[in-house]
Structures are given as structure tokens and as C-alpha cells.
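Note that chain A is present in both complexes that follow, paired respectively with chain B and with chain C.
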Partner chain A sequence: MVLRLASGRIAVGILGVIALLAVLGPIIAPHDPLEGGTDILASPSAAHWLGTDYLGRDVLSRLLDGSRVSVLGAVQVALIALVVGVVPGILSVYLGRPFEWVTLRLADTLIALPFLVFAVAVTALLGNGIPQAMFVVGIMVSPLFYRVARAATLSVARSPYVEAAILAGASVGWVVRKHVWVKVLPPIAVALANTTGVGFVVVSSLTFLGIGVQPPAPTWGGVLAADLGYLSFQPWAPLAPTALIMATVWACNLLADAIRDVTGEAGRALLNTRTVHAAKEAR
Partner chain B sequence: MSPEPVLAVTDLHVHYRRVHALRGADLTVAPGETVGVIGETGSGKSTLARAIVGLVRPSAGRITIAGQEVAGLRGGGWRALRRRGVVQYVFQDPLRSLDPDLTVEESLLEPLLIQGRPRRAAAERVRELLERVRLDEDLLGRLPGELSGGQRQRVTIARALATEPRLVILDEPVSALDAANRVRALEFFQELRDAGTALVFISHDLGSVAGVADRIAVLFQGEIVEEGPTREVVNAPRHAYTRLLIGSAPTLRSARVARAEREELRELLRTNGGPA
Partner chain C sequence: MKRRTLAVLAALTLGLSGCAGDGGSGGAAGESTLRWAVTLPAHWDPVVSGSGAQFRILSLAYASLTEIDENGKAVPSLAKSWDYNATGDQVTFHLRPGLKFSDGEPLNAAAVKAYLERAKTQKNSALFGDLTSIKSVTTAGDLDVVIALTQVDYQIPLLLGERVAQITSPKAALDPAKLDQSPVGAGPFVVTEYVPGSHVYLKKNPDYWDAANIHLDRVELQPAPDAATIVSGLKTGVYDFANLGAAQVKAAEGAGLDVVFQPGYNASNISINVNKEPFTNPKVVDAVRYATNRQEYVDKVTFGTGKATDQPFPPGYVAYDDQSANAYPYDPSRAKALLAEAGFAPGQIKLDLVIAGAIYATASEIVQSQLKAVGIDVTIKVDPNWEKPFFAKDLTLSLYGTTGRESPVQTLTAHFGPNGPLNLSTPYQPAGFEAAVAAARSTPLDSPDYAKNLQAATRAGLESRALVFTYSQPNIFVKTGKVSDITPIPGQIHWAGLKVEP
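Let's look at the complex of A and B:
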């Protein structure tokens, strides 16, 4: 469906390349991403295509090697937000008052919780590591997803067409699958695209607390943070990690828009007219 | 000639928090009969309709649909009853009662698939339904936004007929239609009645109901104040409110009821709710 739109094809293409990097990156890296050298802060050359960093490590290798951790982290954040935010958000409309009340108060609590305190507490309880760090981020963004999903569900739950389905004997599951999900998906897809971008940056910002990715292990966000410290020597250096993060976030946003366009009523109408035009031209 | 009624409502009360919206309504519909329910905004006619199909919980009273007592039913019981497709409901606003993201075909398939019919048989049935409401098959792939108001209303009626109901509740079915489509819809309801489907036709407009209904019940402030054969109610109304309704109909007839008389009737209703 998404592939019928040009923007959808571009987005899927870029995300496909990123996924490929995540799988193959550590294998095709030309140098050891952790091995330093005497040649520090070097400009791009045949040996080091993107130069070296402040410890003489090959930047290209560090970006390639860090792609798996970065992408997996962002995906994990998105999945946690979906499960912890979107699912209760939809169900809060249908499972009755007690469930609604409890989940609403939990969402309020999470919004009020200071991020760093929560991060430190989780690390103390579950130990230090990337999954734990991404768990923290996922939980912290889930109230947003809860709210968005709940608002979208509420807006359709009392509509006459849902009542018509109920009068035909539809179960809650049927109503959610056939009517609610399509209305919830577009705003969720947009929020998800944004969150993925935030995820990359947050992974590196947690590093300074000693949480999540431990130096010297590379991530895109980590490489970017390190480059920013040496701007006066290599003002161009942040461009490479920035380009990677931006391309991913942009592709996510593009995909979100494409999903919105093909699932929404406007998009369906658009595709219909295109099909009609195509049919006319074929004649 | 008294077969089991398809719908029997006895002493039905509905409260919305403090508001007593329905105060002991009684209504009986025999198989194949068409009963008009008329009343103004806030008289409780939609509440009555929604209570019959279980969208509103009555606070007291009995509702029997095809012999089954339904007023005390909970979620599962209602679902089972609805899946049998005995009662269907046509909403007032055809645009809002069709999912904007579902094509005409998907909307019409829905009640059949919920019943658990195989997809191919259901698709065949959808084509029959379209023919019955005189819609073109080309419209199957369209979204509600791409249809005209009259076409949309015919889709919602086709959806209501999908399960071959014995009783159809029409909640202000022609209020959102223009004059030409209104006449066509009313003709169609007559055909439906002739085919043996019982109808409860709810409207604020006596003129729309009078041509279709065998009997008319007049709702006023949550009570049925008058009920009888259509001809009697229209020609010899007993209750002051009915007389006011007929007198207020925007037709040439209304010229006969003088303005002074209408005001007199209003005054009468204000003071004592009117004589029985």
C-alpha cells in the first residue's frame, strides 16, 4: 500500500539501506572501531575515508560499527512505546472505568517523573546496559503515545458508525480492528517517527551518566557528541553522523506521512483517483 | 388475528442522571406493521429508539423483541441477539453512520461477516442488497465521502437490511435528505412494509410518517399521549399536543388552524400538560 506512493518508496528504500547497515555494518567496517592510532584528528584520506577522531580511531568504521546498536536501540524505544503506550491507550476507552482511571493516573505519574532520577533508579534495579537504557527511554515517552492513542480512539468510539457495528453484534476486538485502528495509526506513526529521532540522540546523552552504551563502544549519537568537542580542529566532522541520523529520521517521517496518506480517507480517495487515471491512460 | 408481536415495550422508563427522559412508554408492533412515533426535539423519541436496541439502559420497564425479554440483557446476551439480525437500526445522519475509511462494499459486508457468513456468500448478498435499494454496482469501491446524500442513505438502509431483519427502527431517516430523495426514501419504506418487514418510523414530521405508518404514537415530554390508527390520529386528534403538531405542519392545511388557536393550545399544554 505504502509503496504506491513515491514518498513511501523513497522512505522504505532509505530505511532498507539503514537496516542493511545495522546488519552488515560491523562486518564491513574497514578498521577496528576501537583501535586508536598516532594519526589523530586526520582529514579524510584513502586509508580513512572519513578521517580519524581524537584518539586516532577510524570514523567510518565507528559509524558502521555503531549502526547496529543505534538502530536496535531506536527500534526498541518504538516497540516499548507501542506496547506500553498505544495498547493501553486504546483499551482505556473500552475496558471500563477502573482500568481507565488507573492508566490515566500512571500516565500522569510518568509525565511528572524526572527522567534522570528514573534512569538511575532503573539502572540500579536492572543493571547497566543498552536494553535497560532504551527501556527507560521507551517508558518515558509512552505517556505521549498513550494520550495520542486514547484521544484518537475517543474521537471514534461514540460515532454512529461504531454504534452501527455494535448493533450488528460486533465485539470490542472487531470494532478496534475494523474502525478504531485505522484512525489511531496515522497520528501514532507521526509520533513514532519523531520518537525514533529522539531515541538516537538520547542514547548518546545517557552515556555521560554512565548509563547505556559504555565508551569506547561507538554509536551514531556518541560519535556526534565526540566530534562536537573538536569543532575548532575539524569543523566538518559532525556532518557524517548528523547525515546518518537525519536521513533515518527523515525517512521515518516520510514513511509516517505515507502511512497517514494511504490509511486515511483522503489518501484512499487519492489512490482511487490515481487508479482511475491510470485505467483511463491504459485505455 | 393476534400473532406474537415483534416488539412489545411496556412501561419503559429511562433516566439520564436526573433527567427523566422516558416516563412509562408503551408500544407494540405486530409483524409487518409500521408504527410511526412522532414528537418534537427532546420528547424522548430517540431515547425510545435507542433503548429498544440496547444503546441506552432503561431504568425500569420491559422490552420484548420477537418473544425475548431484552431489557435486562448484558453485553454478551445483546451481542448474541444482535448477531441474529432480528432488529436493525437506521441512523439519522447517513454520512456519520458510515465509516469514512470503509468502501461501500466493506460497510455492507460488515454485518454479514460479523454473523460469520463466508466471504463469498456475503459478497453475493451485498450485490443483491444494492439492487434492492437501486444503487449501481460501480459504487461498491467508493468511499462515503464520494457519494451523494441520497446514495449514502440508501447504503445505510441496505446495511440495515443485510441480515433480513423482522423489525427496522428508522430514527429520523429522512430528516437529512432533500425533498426529492425524501419522497424516494418514503416510497422505499412503503415497499419494505409491503414486503412484510415491521418498521418503527421515528420523526418530528407528521407529514413524512402519515403516508407510511399503519398506526401513529405521539410522544410528548417522555410519555405517549396518543396512539391510534394513522387516519384517526391525523383526522381526529384527541390530545392538545397532537392538534398542535398537525396545526403546525408547514402545509396548506395549517392555514386552517388559526394562529390564535395554536397559541391557545400551547397555553393549555403549558398549564396542565393537556387533556388526555
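Let's look at the complex of A and C:
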């Protein structure tokens, strides 16, 4: 459905390329991303398309190799937030006042906390690794999913057909599976795409600060941070990692918009109209 | 009504601006002000601050017993002269008359005695290890400080310079915690305003012993911004003077700023703990020695501004031993062979290289790649509290860069001595080092044997398996054309004679 919108096609295209880089990056990298050379801070050339860094390492190879860390980190944040947020969000409508009160307060608390600072603290406590940091970030952004799932569930739970089903003896589980899940899924998909974008920003920010990975492992944020120290030699160097991060986050947001457009009522109507027109033209 | 409100606001504004006093930024028109972008010191008590690079900033507020000249020779400062007894185990410093601290207290022999005793005994003193040659301090009259030594030691005038003997007011030192944040000395300047993390303002001290040669009315210290923005800060006139990273030299020169390569005694090293596995095996240490390509540090850390060195000072220094130079040339094949002889397969040795912070980032990655090339896997760990395990000698492998010492013997004992703060392998010391150092220490500085004995001590120290020296980098500063030339004193900045156009 998303591919029927131009924005959706662009977003999926970019994210597809990024996913491919995550899988194939280390294989297609033209040089060993960890091997230095004598030609330090070199300008782009046929041998080094994006030049070399302060230790003479190929920047393109480092960006390609660093894709996996960024993609896995972002996906980890989104999935953890999804799992931790959606289930309590739906259950808060059905499990009574005490559960609702506790989960709402927990969500409020998590929203108030700065997740980057917490991620830094956790890496200091549990060791300098992206999985630990992203686990914490995932939990801290889960209130987004909690609130989205809860709002969608509330709108369904109070609708006449659901009340009728319950009066007819339907169980909560059946109602959730049959009616709630269908309503909750579209906004969750939008939130998932948005949160993946947030995940990319967080991974890049942490690795920019040198948190989450051990040198000499390459990351997008790490390459960017290193470039900033040598601007007098390579003023253009930050462009490549910045463009990569920006394009990926933009694609996530574009995908979220596209999902919203095709799953919202107006979007569905628009698509239906286009489908009818297309069918007529086909005839 | 509106007019009255405006008048009240204007009066309040004028009143508040009038309250700024001499602590405000910018100084009065026509004043000669130096604005220095620098990492602000955490400690302002020299006893706590120690003999690291921060002594340069503290030298604004404190005067020392001696100074050094361009050749590194001890010259008078608070002490106008000194003399040794015939046996060389007692030295008397003769102070200038009429000296006083910025709090009005007299700077006399009693004040110097109080300072040295505090540096030896205060619980958090970072200097007590430097003063082990001092047995006792007594006064002879108001101006003579008599220092009895535990051994014959002709290095004391060099030792009691800016790094170790920036004399503090004894009255202010009664509250060491306060002194640590509110300096009271007899230096060329007096702190008028100090906001930690923000700025420090100082004004000229008319009571400084060499006040006639201090041409700056005011110094403003501001926290150094990100390295990449220092050059633009100077170019736009925000600062006049700053410390500069080697990576920024090209940009500074391109911007038409004056880049100053101040000579120094700096030397960086890979610190090894021979009391911990796998370095208990001398062959593993030798493998690290042969795996070290010093030129790579010169090229990638100092951008060609430094020199490769395998000793705790730069080549050409009086204590540099030519006989020991290049004893372990870069030879990765030999390093691999030594590891094999020691029974280690490639990748079997896994080490944590614990470093203090970003300042060692590039060097640590070079260590990592050079050791990886011979089969040693290194994980870099940045520890913000690195000082604690390093000086407690708990680490196995680390990096350190010293700014050196005015006394070469002090440099040697700090690195190779059994209790040397820079010896990660305490109490290990190489055989013969103690005797060689004693010989160097007991040689008068003007003796024809001085250089020979000093170099013999260096040679003995370099038998240590605890240190692999890598490179030496000069101290790099950048200044605008408004600031006059800086006298090339090794490792130090002398404020006398320095001028800034108003």
C-alpha cells in the first residue's frame, strides 16, 4: 500500500539501500576499514572515493562497515519500544484502574527523563556497548507506543459494536484480536517508523560521543566526530556521514508519513479514488 | 508615566553597570590585556595541582624560588642567589628583601619553609614525591632558607622552580581548601575574579619582584573552546592567545596567526606494568618495543611538529643518551618471533589499554594497530577517572605524556625510580639505576662530568621494561599579532617582557 505513494516509494528505496549496506557493507567495502596507511587526511581520489581519515583509513569503507551498527541499533530501539509499550497500552484499558494508574505514571516518568543521558549512564554501569545503550533508549521511548496503543484501544473499546460483542459474551482476548488490533496497527506502524528514525539519531549521537563502540570500530557518528577535529584539512569531510544520517532519518519520517497517509481515512479514500481512476484508465 | 518608568530603568542600568568594578570583562580603555583561551585549572594550590602542565597558568599568580633561562639553567627569581655547602648536602637560598604576598603577608624565609614543609606533609600534596631529597628546612634570619638534604643533590635549584616551588601565602594556606580555589601568591598577577568553569580575571601585581618588566595590566583566562574553533576565536579577536593542537597548526598559519613552537621537555610513552601478565615475561615487553613504529606517532599525532624519541626527553637534551638511541628499532617480524618464543600464538594476548580521554585517542589507536600487526589484541578503554588506577599502579597497559621537569634527574626518577609516579611497575626499577642516579645527582651542574653522568643515568633507566617512549612534541601556542614574541623558555611561559597592544 505504501508503495502506491511517491513518498513511500522514495522512503522504502532509501531504507532498502541502507538495509543492504548493513548486510553487505563489510563485504563491498573497497578497503579494510581498520587498516591505516601513510596517506592521512587525503582528499577523495580513485583509490579512496571519500578520502582517508587521520590514521590513513579509507572513509568510504568505514562508513559502509559502520552501517550495520547504526541499523541494528535503530531497529533494536524500535522493537524494544514496541514490545514494552504496546502491550501495556492495550491492557491499560482492560485491566482496571490500578494497572491503568501505575502504567500511566510510569509512562509519564519515562517521558520526563532525558534518554541520551540515561544511555550514557547505563554504558558506564553495564559496559560500553550499543546493545545496552539501545535497550535503555528503547524502554525510554516506549511511552510513545504506550500512548498510541492506549488511545487507539480506547476509541475502539467504547464503540457500540465492541460493547455489543462484549454483551454477547465475547472475551477481552477475542475483542482485542478481532477489533482492537486492527485499529491499533496503523498508528503503531507510523510510530514504529518514527521511532526507528529516532533510533538512528540516538545511535549516531552516542557513537559521535564515543559511547557504545570500542575503537577502532567504525560508526557513522564516530566518523563524523573524527572529521570535526580536522576541518582545516578536510572541510568537506563531515558531509558524507552527515548526509547518510540525514537521509536515513528523513526516509524513516517519510515512511511514517506515507503509512499515516495510506492508513488514515483520508488516505484510504484518496487511494481508493486513485484505484478507481486507474481501473477506469486500464479499461 | 512611561517616561518615569524609562528613567527609573535607565538609572538602574547605570547603577548596575557601575557595580561591575574591576572584575568585569574587557578592562579599561588603553589597558594592556591578554585574553588567553586555556583549560582552566581545577586546582589553584600548587601543592595540590602538582608539577603537571597547569603550573604554567598558576605561574600568573605565584612566583617561584627559582626560574630557568632559555638554556634550561636555574636563574634567580624570589631567591636572588643560592649556595651549597662544601659536601653538597645543604643548600641555602637567599631571598630578595621586601617581598610580599598579595594578601600583604611578608614573603620571607619562614614563608618558604612553611610552603616546603606543607608540600612534604599535606595529605593531598601532589609534590611530596618530588621533595624526597629534602631532609629539613630551617631559616637563618629573615631572608635565608637553609635546606638540609638526605643525599648530595645539586639538582635542588632546578627542582625548586615553577613546577615545585610556587610559594603560597602561609596565612592563606591555613585554609588549604580555600587556597585551592582562591590563589594567594606573589606572582606577577593577582586574581580579581574567578568563576569556576567560566573565567578568571587577573590584574597586575605591583608588588611582584619583577613588576617593572610586567607590561600587561590584565590577563583574562577563558575556557578553551573546541579545538576546531580556537583559530576562528583568535581571528575574530575573541582571544589573543591560546594553546593549539598540532592538527590546527595549518589552519592557524593559513589565517595569518602567529604559531609559537615553544621548546619543551615533553615525551610520551606506552606505560607497561611488568608486575602483571603477560608483561612478567620480558620477551613480551621486547615484542612491544620492536612493534613500536615511532615515526607513525610523529606523522599522525604531531603532524610532523614533533620528533620520535625512545627516551623520556626529546633528542638533543642534555640528558639524552645517544648510546641508547634506537636500541629497539621498529621490527615487527622480530616482535612476532619474540612472542612465538614466549609461547604466545597470534591473538592469544588480549590487553586493555586504559587511557585518560580524547587527548590520547589517536595515539591509542596507533598502539592498537601496531600491536595488532604483531598479534596482540588491544581493547581501548577510556576511563574518566584514569588517574586513580594509573597512579595506584593497577593498570596493565596505559599511555602517558609528560611535560618534563626542569631537573633531568627528577624526570628520570619519576619514570624509572621504584616509587616514581610515572613508573606503572612500582616498585620495579632497573638494576644499577639507583647508583647511576645518585652519581648524576651528586655532580655539580657546572661540572664537566655532568652531561656524561646524567646520560649514564638515562642509560641505566632505559633498561627498565616498564616504559616504551614514543614521541616528543613541542608546546604549541597561537597568538595574534597584538601579542609580542614569547621568550623561548623550555616548557614555560615567562610573563616578564610580554606585551599586548591595547
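One rule holds in what follows: the second predicted complex is superposed on the first by the 204 of 283 C-alpha atoms of A that agree within 3 Å, B and C clash if a C-alpha of one lies under 4 Å from a C-alpha of the other, contacts with A are read in each partner's own complex, and residues count from 1 in each chain.
Just so it is clear, contacts are C-beta pairs under 8 Å (C-beta built on N, C-alpha and C of every residue); 3 or more make two chains touch, one makes a residue touch a chain.
Every value quoted in this text rests on a predicted model; they were computed, and no experiment measured them.
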* To do: Go through the superposed model and pick first if A:Leu20 touches only chain B, second if only chain C, both, or neither.
  => neither
* Once the shared chain is lined up, is A:Ala121 touching chain B (first), chain C (second), both, or neither of them? -> neither
* To do: Identify the partner contact of A:Pro216: answer first if only chain B is touched, second if only chain C is, both if each is, neither if none is.
  => second
* **Which superposed partner A:Val182 touches (first chain B, second chain C, both, neither)** => first
* Asked: Where does A:Tyr54 make contact in the superposed view: on chain B (first), on chain C (second), on both, or on neither?
  -> second
* State whether A:Tyr161 touches chain B only (first), chain C only (second), both chains, or neither. => first
* Applying the touch criterion given at the start, work out whether A:Ala6 contacts chain B, chain C, both or neither, answering first, second, both or neither. => neither
* Asked: Which partner does A:Ile111 contact after superposing on A: first (chain B), second (chain C), both, neither?
  -> neither
* Asked: Which bits of chain A are touching chain B when the two form their complex?
  -> 159-161, 163-171, 174, 178-179, 182-183, 263-265, 268-269, 272
* Structure fact -> Listed in rising order, chain C residues that touch chain A in their complex are 226-228, 231, 247-248, 250-251, 254, 299-300, 358, 361-362, 364-366, 368-369, 379-382
* Which chain A residues qualify as touching chain C in the complex? -> 34-36, 38, 40, 54-56, 128, 210, 214-216, 228-233
* Under the touch definition given earlier, write down the residues of chain B that touch chain A in their complex. => 53, 55, 79-85, 88-89, 91, 93, 96-102, 107, 110-111, 114-115, 141-143, 145-146, 156, 159, 163
